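For reference, chains read A, B, C and D in written order, and residue numbers begin at 1 within each chain.
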Amino acid sequence: MKDRKILTGEDYIQSLRGRKLKVFLMGEQVNEPVDHPVMRPSINAMARTYDLALEESDLATAMSPFTGERVNRFLHIATNAEEVVLQNKMQRRLGQLTGTCFQRCVGMDALNALYSVTYEIDAQRHTSYHARLKEFIQQMQYHNTVIGGAMTDVKGDRSKPPSQQADPDMYLHISKRTKEGVYIRGAKAHQTGCINSHWLIVMPTLRLQPDEVDYAIVGALPVEAEGITYVVGRQSCDTRSLEGEIEAGNAEFSGQEALIIFEDAFIPNNLIFMNGETEFTAMLVERFTAFHRRSYVCKSGVGDVLIGAAATIADYNGVEKASHIRDKLVEMTLLNETIYATGIAASYQSQVTSSGAYLCDELLANVCKQQVTRITYEMARLAQDLAGGLLVTMPSEADYRSVETGPMLEKYLRGREDVPTESRMRILRLIENLTLGRNAVGYLTESLHGAGSPQAQRIQIQRQMQLEFKQQLAKKLAGIEESRS
Amino acid sequence: MKDRKILTGEDYIQSLRGRKLKVFLMGEQVNEPVDHPVMRPSINAMARTYDLALEESDLATAMSPFTGERVNRFLHIATNAEEVVLQNKMQRRLGQLTGTCFQRCVGMDALNALYSVTYEIDAQRHTSYHARLKEFIQQMQYHNTVIGGAMTDVKGDRSKPPSQQADPDMYLHISKRTKEGVYIRGAKAHQTGCINSHWLIVMPTLRLQPDEVDYAIVGALPVEAEGITYVVGRQSCDTRSLEGEIEAGNAEFSGQEALIIFEDAFIPNNLIFMNGETEFTAMLVERFTAFHRRSYVCKSGVGDVLIGAAATIADYNGVEKASHIRDKLVEMTLLNETIYATGIAASYQSQVTSSGAYLCDELLANVCKQQVTRITYEMARLAQDLAGGLLVTMPSEADYRSVETGPMLEKYLRGREDVPTESRMRILRLIENLTLGRNAVGYLTESLHGAGSPQAQRIQIQRQMQLEFKQQLAKKLAGIEESRS
Amino acid sequence: MKDRKILTGEDYIQSLRGRKLKVFLMGEQVNEPVDHPVMRPSINAMARTYDLALEESDLATAMSPFTGERVNRFLHIATNAEEVVLQNKMQRRLGQLTGTCFQRCVGMDALNALYSVTYEIDAQRHTSYHARLKEFIQQMQYHNTVIGGAMTDVKGDRSKPPSQQADPDMYLHISKRTKEGVYIRGAKAHQTGCINSHWLIVMPTLRLQPDEVDYAIVGALPVEAEGITYVVGRQSCDTRSLEGEIEAGNAEFSGQEALIIFEDAFIPNNLIFMNGETEFTAMLVERFTAFHRRSYVCKSGVGDVLIGAAATIADYNGVEKASHIRDKLVEMTLLNETIYATGIAASYQSQVTSSGAYLCDELLANVCKQQVTRITYEMARLAQDLAGGLLVTMPSEADYRSVETGPMLEKYLRGREDVPTESRMRILRLIENLTLGRNAVGYLTESLHGAGSPQAQRIQIQRQMQLEFKQQLAKKLAGIEESRS
Amino acid sequence: MKDRKILTGEDYIQSLRGRKLKVFLMGEQVNEPVDHPVMRPSINAMARTYDLALEESDLATAMSPFTGERVNRFLHIATNAEEVVLQNKMQRRLGQLTGTCFQRCVGMDALNALYSVTYEIDAQRHTSYHARLKEFIQQMQYHNTVIGGAMTDVKGDRSKPPSQQADPDMYLHISKRTKEGVYIRGAKAHQTGCINSHWLIVMPTLRLQPDEVDYAIVGALPVEAEGITYVVGRQSCDTRSLEGEIEAGNAEFSGQEALIIFEDAFIPNNLIFMNGETEFTAMLVERFTAFHRRSYVCKSGVGDVLIGAAATIADYNGVEKASHIRDKLVEMTLLNETIYATGIAASYQSQVTSSGAYLCDELLANVCKQQVTRITYEMARLAQDLAGGLLVTMPSEADYRSVETGPMLEKYLRGREDVPTESRMRILRLIENLTLGRNAVGYLTESLHGAGSPQAQRIQIQRQMQLEFKQQLAKKLAGIEESRS
């Protein structure tokens, strides 16, 4: 990392240059991700988190007790419910501005979860992780870095725990210990924005057993650390970025997912925040996922874009006043605001932890995420309904630009006569982008599996649903005396 | 009203005696509703709002700036978002404790809406409604009364506005004006808890046209005012209250809905809070319904009871560990918390009005209510699924008590051997009560139509959905220049 | 049974008289069910199956190869797919005519299932059940009787099989064997129309283990057989039949569910159709439930009534042309026809069994029933939406008839001015009847649990879903060679 | 068309060569579509309709009364219900075999609809269209051609009818009439498989007004007719066909959609089947869409592939026995069979027309299609749920083949140890193909808009829902006398 504070999006983009990462994409090594047309849109999205901090600083920065300055909210530890809510409001705004996953939440959620968990480990085990973490956070705030959280192991055979996998590397683990620190081995899958980050924090992905000590490692590494390889995920329509601007649908912004492979990468002692305390892994996973599941409120920002796009194509087609069209837009709004409201409620109902940091409501956070896994798909269906069939039968931008077919398309792809054909094509490509194409990945499938697949939320809801309390309410009203049953 | 402050539920019940109301139920005049077995459960539910204030005073009372004392929260004007949220928390709690509609919200929502609306009328029209209202509220707080809000007109032919109805009384209106006040005529339908109230506030039910001045009347009357007749609604299984306690399902609590007919009832000037200002009727309706739609959070409290009952019957049947049973309870919890979260978010996002009173977020309030209209029905279906068919084929309590059939039923209606048959019967009757019976009325159909039928929420959502802003977001990402379309 | 052929509905009603059944309802013994106002509507519904056979004989009768005459279709063994389909068409028609459960399907489905199963038992075990059954069917056809199928045991602790229940009577079983026949003991719950039947056929309710021989009994008994007690289920709003005609909602027709207790009732050898062949119990249950699950097509007939009622109240309210009203009626139609279509497809895809009788498609039959468990509830919600809140707040018929309140209600409960108030009240009571009241039992809860609760259908779907075949389809298209995985 | 009968898929592919069509794709003219890697998979899918006729001739051929020989079922006029049903069974089978849209249905549905409509035009207008059509069909059957039906106009401003569009060419119309025939002008959008066809039949897309005579043209043209330009639609992930085989997901098969532009193309008199009879356009549209909407049963075949793929990935991940996994496969099966059953019921309930040809049930056909518009999206969501996040984060085939990253991916992308990593990648790419990629176009968006957008089905359902009949049913049960209201 360059030794200066990153301020603007442009600063950020420059800060990524020349890191000599080992990145692979579509069979080739990428020397400079910043200049790769397929990767650049994901970098632009992350950059937006910097510029927003300058444009709307109340929303996207917070006063840090560690630095005494306003810092980017993505690097801030929330110490009251209002601040937790503001994370959500910032996330919705960034979803509106980028129409995609801007990738910086995972670090925010990891720092906020680790802050309270390290405090509790130290209290019980007399370790000093919390002080180390504070020091680390202070540095990050000072430089205004991007931190990627690396949690999801590749898992191998899902019916088996880490220690019973045929290949021990299916879960990331310590491969060697030295006086200076530890070496780690394994891989983390589905790593959002990792190549666009400056630092990675590795964390275990599930509740570990006492004999799985080597898997209980939390620590930070620079993205360019030795021994790390990145293989970028191949996604729907990603190569459209190599074609025309219309074709891309959303030419400026995209998400990014990669597989990270750690081959004996090193973490020095001062950057280790958990080392073998297996009994705290469940707490870490639960707190991190609580934060992160509620972070899916960002999808309501993307949903705003989708609603806007659907309303626009209806308008361009001349049907914006039909009652069934209006009603579908109302339904989309109802669903989209349900995502937002469940997230806001989860954040608002935050409780203080012993560290002083606030933790969102775990039950509602899981409710938020579970709703996201259903609602975004229904939103996509409704948007495609409003778009009309041209969404998937429209000729290419190249045909539109061609002298042979361009005039025909100009004529026949026109909707309302006062709307340029190109505008109609552009809005359709945006809807395609969000529902089938490159940003459908983030809006749909990542909404399903990010921060844990749907069943993971159901398990958490089951743990939190207080059946006994509710059974007592019911028995009282039914006139069943406790002794009776 | 008796000249003393009502403290306990028991005080409240006594306060209702001897009012000589003109109440009809099932073809007969009811001399003393308090003693009528069909009506009493609804009075018990209202009484619970008094006892809760004593048991959990942080939750159910608030410091009044008007009296300088803690007053029942149902009579309090919320002047910050936290207080609006606390209304919701109190509502959920009362839903949990009663398993029905406790009927006191409509007054709370009416006072809170009128507080800001009268302020704005006065500011523009130089009237003095706001001061009158404050005086009225202070009195109510002092005596700790129940206020019923009377908004819904009978409406006649819904395709016609008030002034074009064949019968002008289809909407409540001023029938005579005197120096001392006004006389009103018409009827209000679906009046929740009105007979259990001490005072009624009448309000117009829709946006009025400039020539509909006589319909623009807001004012307070004591429930026992001359010229008022109450006809209680006939509801599913209401006569079960005349039979055994098990049979009732929830023997202690129920809701209450009545038709109120005003035949030239009088409102003195000091109790008139709007009189002809038709241009403010829309504002009043919107603010009141915003508050009241979010008040449907109470159904998450009733939902807690239903979840508890469903979990109990699963337990009694010996299937509580089956994965599909657990999953249905998770689904119910997910849905129930979605109601809660949307309400909480609406309340939390309250904004200050020029009067200083806070107004909940109108969009989210409508989202909350619209979700309630769907979710409660799905909850009921899931609860019936978990209950099993015995829910609707179980012999009566009388058969269970009978010497001839009792022993057979004791034997054959038993589920798990260690659970008394009677407990199993009781919990099934509670589920029947909530999904088909007396309290299904409040949990389902009132959830659908109370505070406005589903389409009314959709119209409000449409008004609030900010399509233009969202279209701009989409156009920007699609690369459509404003001038282009 | 009287020694003459029953022709008309009236004949049928007379045939039920004087049987001296041991019937209990609401704590009292019912001497003559035919004359009991709460029970009579269920008898009227059954009677409708006789009259329909006279009115629409192509639909409701079939040529019997056993008697050489046209017989009621409910007593006919279908020997081609068209006849199986015609059962469904008759069922929908009766649903339309009665708006409730007409109770005669279970016998039809039992005979059709037993016909093929007894054939296969005989083929393998050299028994003579099939010939006995044919003889029995011929007698039934000749006399035109009603047969009730009695399958569902009370089950006790659902986590335990019959042989491990604390009380062995939780599943019906043979209590004594003599040369002349067997005595049975136990109880059958949720027995649709049993008191309105002439004969009962008892059948095991689940797949039995080899050591559960005494539970593997199938045989016929007259309803009036010694040792049988009937306790009628207490249902939502059933006592409305004791009040006014409007109040009942559907005064003429209802369903009927009872608990049947067998205390050593006797079945002579010639009426025994299975006796200890435990290995055939699964086949019997599967075939019977396949037929019976598809029989829920009747709910599309009831759905037609509900759609008609919803359209009528919209019309009476003056809103029948609003687009959202029309759209909800379209949605109801879509859902209702989906029930119908899945049933028809299941019947049409019937396959011949070795007995020559046709068996409907088991997968589609389960699909039909599972859809019914969801669709009817959504239909009810939509109908309540269209009905408006008056559905549950409307004063009683007695108030409407009263001189004191009648005129007020006449005035204020009127919708469109050209529609009598009474008509509006009647249609609302019908919707209440179907969605909360007496016939909601059959339309909703029985739709959920009748012929097996939802999970039972899912288990059958799982058994039939041919995953291996589908995996091969997918692997082929994905280019996965069989040897590879 | 070559002067010989096409028998095999290979024959068919050869028959397409050398036609010198004017086809454009991604900005370039395609000289020989057969050899274009992006177009070839769609040709393979069509070819499958030929091979199936040889492999399963009972299913995919029928005896033609016109040629006296068995002909491909896609070219056959169904003259009984069984034959209409067999169309559906063939469609499901082809969906299973190709996992995409095989494109030949539109011609089948057009011929079957035109057969009865031309008969009725002739009967009323004394024209001779029917004889011409029969002659044409006989020729088509003899040569075993592919016929594309061209119905959907580009429509311009959807708020305006054809005659009021700013540009008259927004709907296809006759531009010139001569003694020998007519010239047509305009464009047809979303034309499934048109380039893969031998003949096109143009048809009006909506009910025309009496003064829109020039738009009322039905006729046949060879695909290679002068004056026709084809611009192929640009679809999600279509260029994956230029990359590796794994990457394509389904390398062998795809759909095809193009825009067809007619610039004064000629139709000779003997190939004109309607010419100005505007009053028959509604009948044609309704009959064609009835057939075609029910044809969406093919999606249940594609659904079989998706279920198989989802089950396979669950198996590869080692979670195939988890109860929630099984339940999601059951849900997919339930939904998929609902599509199938509604289609089968629509076909089975076909009625004879005066021409002798059978017409499927219009109400149920619309129900089938409407269900398809919802079910396929829910199926896709469930399949993505079962797939896991790797679905959208998996590195490319090129990375898997690369020496640098291949071994890492081989190791880390493995699920169950006994399953080759490549198999896991392949099945994930197939699910991506069906839910986001190239065949998601046909499975999802085309399911939504093909044969008319969702609202078009709702309008048809509204027309067919027989409200008056249903209102009478309800009024009778409610005791409302006809004269009363």
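As a working rule, contacts are C-beta pairs under 8 Å (C-beta built on N, C-alpha and C of every residue); 3 or more make two chains touch, one makes a residue touch a chain.
All values derive from a computational prediction rather than experimental measurement.
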Partner chains shared by subunit C and subunit D (touch criterion as defined above): A, B
Proportion of interface numbers common to subunit A and subunit B (over half same, under half different): same
Reference subunit C; chain at largest CA-centroid distance: A
Computed distance of Cα centres, subunit D from subunit A, in Å: 38
Subunit A and subunit C, separation of their C-alpha mean positions in angstrom: 51
Whole-Å gap separating subunit A and subunit B, where each centre is the average of the chain's CA atoms: 40
Where subunit C touches two or more other chains, by residue: 324, 327, 458
Interface residues, subunit B side, partner subunit A - complex: 85, 96-99, 245-246, 249-253, 304-309, 311-312, 315-316, 326-327, 329-330, 333-334, 337-338, 340-342, 344-346, 348-349, 363-364, 367-368, 370-371, 418-420, 422-423, 426-427, 429-430, 458, 461-462, 465, 467, 469-475, 477-480, 484-485
Residue numbers on subunit A that touch subunit D, as the complex places them: 24-29, 152, 154, 156-160, 166-167, 169-170, 187, 189-190, 229, 231-237, 239, 247, 257-259, 261, 317-319, 322, 324, 373-374, 377-378, 380-381, 384-385, 388-399, 401-402, 404-405, 408-409, 411-417, 432, 436-437, 440-441, 444-446, 448-450, 453-455, 458
Residue ranges of subunit B touching subunit D (in the complex, touch as defined): 323-324, 327
